[in-house]
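Just so it is clear, A, B, C, D, E and F label the chains in written order, and each chain counts residues from 1 on its own.
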């Protein structure tokens, strides 16, 4: 049986109903463990003090914000090529989740920035590209809302997602160029990447990251189911009216 | 009257109704400013009150063309004119609905955007206060502009042109109040002027708008 | 093809066609900036290239909603779609007409407005060059946005919301080039990037616009 | 409660804001989901009633 | 007598189109306006509805008594059929909308968004608005455009009921409505060109 | 045979409206579409014109041979009648527009701005566009809306001439056009509900 058979709404609903309890439980477990361990069970950083605890929210949400966009890109492509409705609806369902993740990353980052850099916000390349990502999410959701015909909306938002991704990459380079060009150096501790955090922080961080990932999957499955039901209800209703 | 207000609000909240778009536009313009003038936070902080006021004004301006033009296009305005309803009241209600769906969210969002532009800490309260006092005037004046251009296809840009000069006094006093607040000076004089402008326009503009609308639909 | 271009230009020049409105908007926004940020000429001079770029971008943006929506409303777009004319070409021609009636006048007017904002003398040439290189990209990207929102009633604000993030790279490189020029630094890298963006978008975006248009009119 | 030192406000508000946002997202998701289920059940019941009326 | 007009001269776009038109409309009476394209029917109806002023002449009995329906229907695409009607009922101070929904067989469509109706269904909604206004005089510009035969019959029935209950109607149309009504052909009232006599400011016309 | 459709299923707003429709249209033939409001006439014509894709079924012979005229006329208010026609003539690679102006008696209006025409005059301009396209198949959605009797006769004459010269026409209308044509009633082709069987990706429908 090919994986595409799950593009059928009924099969999809059945499978996702089976998976969801485990997903929700696992997500809740990981997030609680990660955050509680992180919040109560890790020492303060010698330089950053207790603010280092923010990392357990900041990094997972930032990661999921980007991954949500990748997932939308993928499902948009699938919709454009194979026209499976579930795929388009999954993209629709993921967007608000991505938006909230972006917002969490931005807010925790901003709160962290105040004690560390002495400012809520700096026009650092990574921060700036996140802001742009936030804008893309907003536009994408607004377009879904604005187009009345559901298939047309799926088409248009998919193309927006593709074109938007290209421009997001371009913006990323533009922003890097722009800020280096000004030699405006807020040195960002996160810019180095890789394992800059020591093991004490690393394990709970990993757990929290896995938790956010599971939460994302569970949310998207649930929300896709909702979208499918709404779509079906709408179709049935127009049906009935036309029968009369 | 209430029916009209409720309908306008309901339409704004429905899909495609445009609620939140003004806000999003405000957000985007504000984020574009650093891209164009550069990221230096001292520079940004010094222009922040002005930029935020200008952004709010533009967001308001751009949502004006939905204010009456949609009703004109589908014939609602003709029908409202022949309905037993004073046009002055109808116009005021439309301005109120516009402020509730556009101006008010801008006022609430302004402090958040102040962070992006490194607005000095002392400026937030005054910024919000000046916007809260000034945006109603923007909606009322904007309604007048919308009434002026109502018969014109896609008159959006023309509308902006007509309204912008009328916005100048509001902008000057509003931005001045916010700027003085941010610099720690006393902003009460411009705030008073601003309040005066708002009260005056709320009292008088609806009559002008209604008159213009009657002429325009001829 | 030529017929379409000529018709668009003719319509733009007719009364109510919108030629010059973009320019006037540019003018007004630029003149409002000193009102909102205060008249200090050092401050103004340092933000002048950015403000001019931002103003040009906004003027461009605001004229976008006339680009396809008028043709949609009166049914011309449906008829064009059924005409023996490749849609990609039609879309490119429309973008060209938009640039000729909006972008080009902005490029020509920018130096004059530079004077109002005390732009440093060395900046004029680079400002004009960067605008001349960058505004075609704005028109082409804008056409894509207009095609995305074409079926939506008064989608003007939504259009802005969708297009503004797409304008970010163009704005960054354009404003950076103008700013470096004004400060006497070497603006050739951002100018090259800008040219690259313009060429790339001109080559590729018409296909996206045409595809989106076909989907949207369904 | 661990001692958060001088950054207590920051850390707690970061956790608070994030958890609130997550809760809001979760709440909206669940509400919309319930509404969708109810609506679909309603519509399908109607559809069945119609079908019965017509056929039987 | 519900509505009367004396010696009307009307202009459109600055050019007179109708001159010297009189008519009266009594309670219970319908008057069908006929005339070729461009004769000035729309101009006349808009004037009567108070949307433009006549160049000269008087109209009496019109204030607030008129429900006008023009080429556009004043329907909001994003409101449902019911919400649309309810809004107009509230604006005109009327109450129930069920009778109006019944008269045009709109009950099955009542919860559809008005934007998803077909051309004829939209028109039916537009016409049902007349029933919730409670206005005695209906002024209608080509009301049956895009209606199928059944819907035209519904419309005729609605007009007949309105007349029977003491209302009046002024209807411009090109087709036959099978309503018992007088016909007013406005072709003979076409305005003659005025020559540039230099006597008054009206010489442009 | 100029145009044929096999087993068409069409959807509007994601819901099927027509299923299992076949028809053929030969040179010199006109086909009148009939059906109550909301039956799917507009949907069918837009599909044939290529503005939307059928859910299933095939249409053959349509590419670039079709001149479509829908509810909107594609008229620019700020261009004169002549300029409007000329533009469409150029787009379709055609030449002279005089014949088209003649056919709908538009010569006296030729230099008026199209925005100042009355509803029926605009429609005449919209219909005259068909004559400059040179396309063999006309697909028309309620073409006679707001036309007076004379203009309807002009339209009928134009259609007859088009058929005589080997063209074909597919016309949706609610009124009688006095054109010699077959009638296709689309009411019997109303789509039946598909059940939520889970058999395919189309299970919403």
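The working rule: a contact is a pair of C-beta atoms (placed from the backbone, for glycine too) under 8 Å apart; a residue touches a chain by one contact, two chains touch by 3 or more.
All values reported here derive from a predicted model rather than from experimental measurement.
Here the chain-to-chain distance from chain B to chain C, counted in touching steps, is 1. Of all chain pairs in this entry, the one linked by the most C-beta contacts is B-C.
Spacing of chain A relative to chain C, judged by their CA centroids, is 32 angstrom. Centre-to-centre, using mean CA coordinates, chain E is 28 Å away from chain F.
Per-chain CA centroids place chain C at a distance of 37 Å from chain F.
For the pair chain D and chain F, the distance between C-alpha centroids works out to 48 Å.
Of all residues in chain F, those touching 2 or more other chains are 13, 38, 71, 77, 193, 196, listed in ascending order.
Under the contact definition stated at the top, the residues of chain A that touch 2 or more other chains are 132, 135, 138-139, 142, 146-149, 151, 178, 232, 237-239, 243.
Looking at chain B, one finds that residues 15-16, 21, 24, 28, 35, 38, 73, 153 touch two or more other chains.
Within the complex formed with chain B, the residues of chain C that make contact are 16, 18, 21-22, 24-25, 28-29, 32-33, 35-38, 43, 46-47, 49-51, 53-54, 57-58, 62-63, 65-66, 69-70, 73, 152-154, 156-158, 160-161, 164-165, 167-168, 171-172, 175, 179.
Remark: chain E residues 13, 35-38, 42, 71, 116-121, 123-124, 142, 145-151, 174-175 touch chain F in the complex. Within the complex, the chain A residues that touch chain E are 148, 237-238, 241, 244. Chain C makes touch with chain A in their complex at residues 144, 148-149, 151-152, 155, 158, 161-162, 164-166, 168-169, 172-173, 176, 180, 189-190, 193, 197, 208, 211-212, 215-216, 218. The touching residues of chain A, when paired with chain F in their complex, are 7-11, 83-86, 148-151, 228, 231-232, 234-235, 238-239, 242-243.
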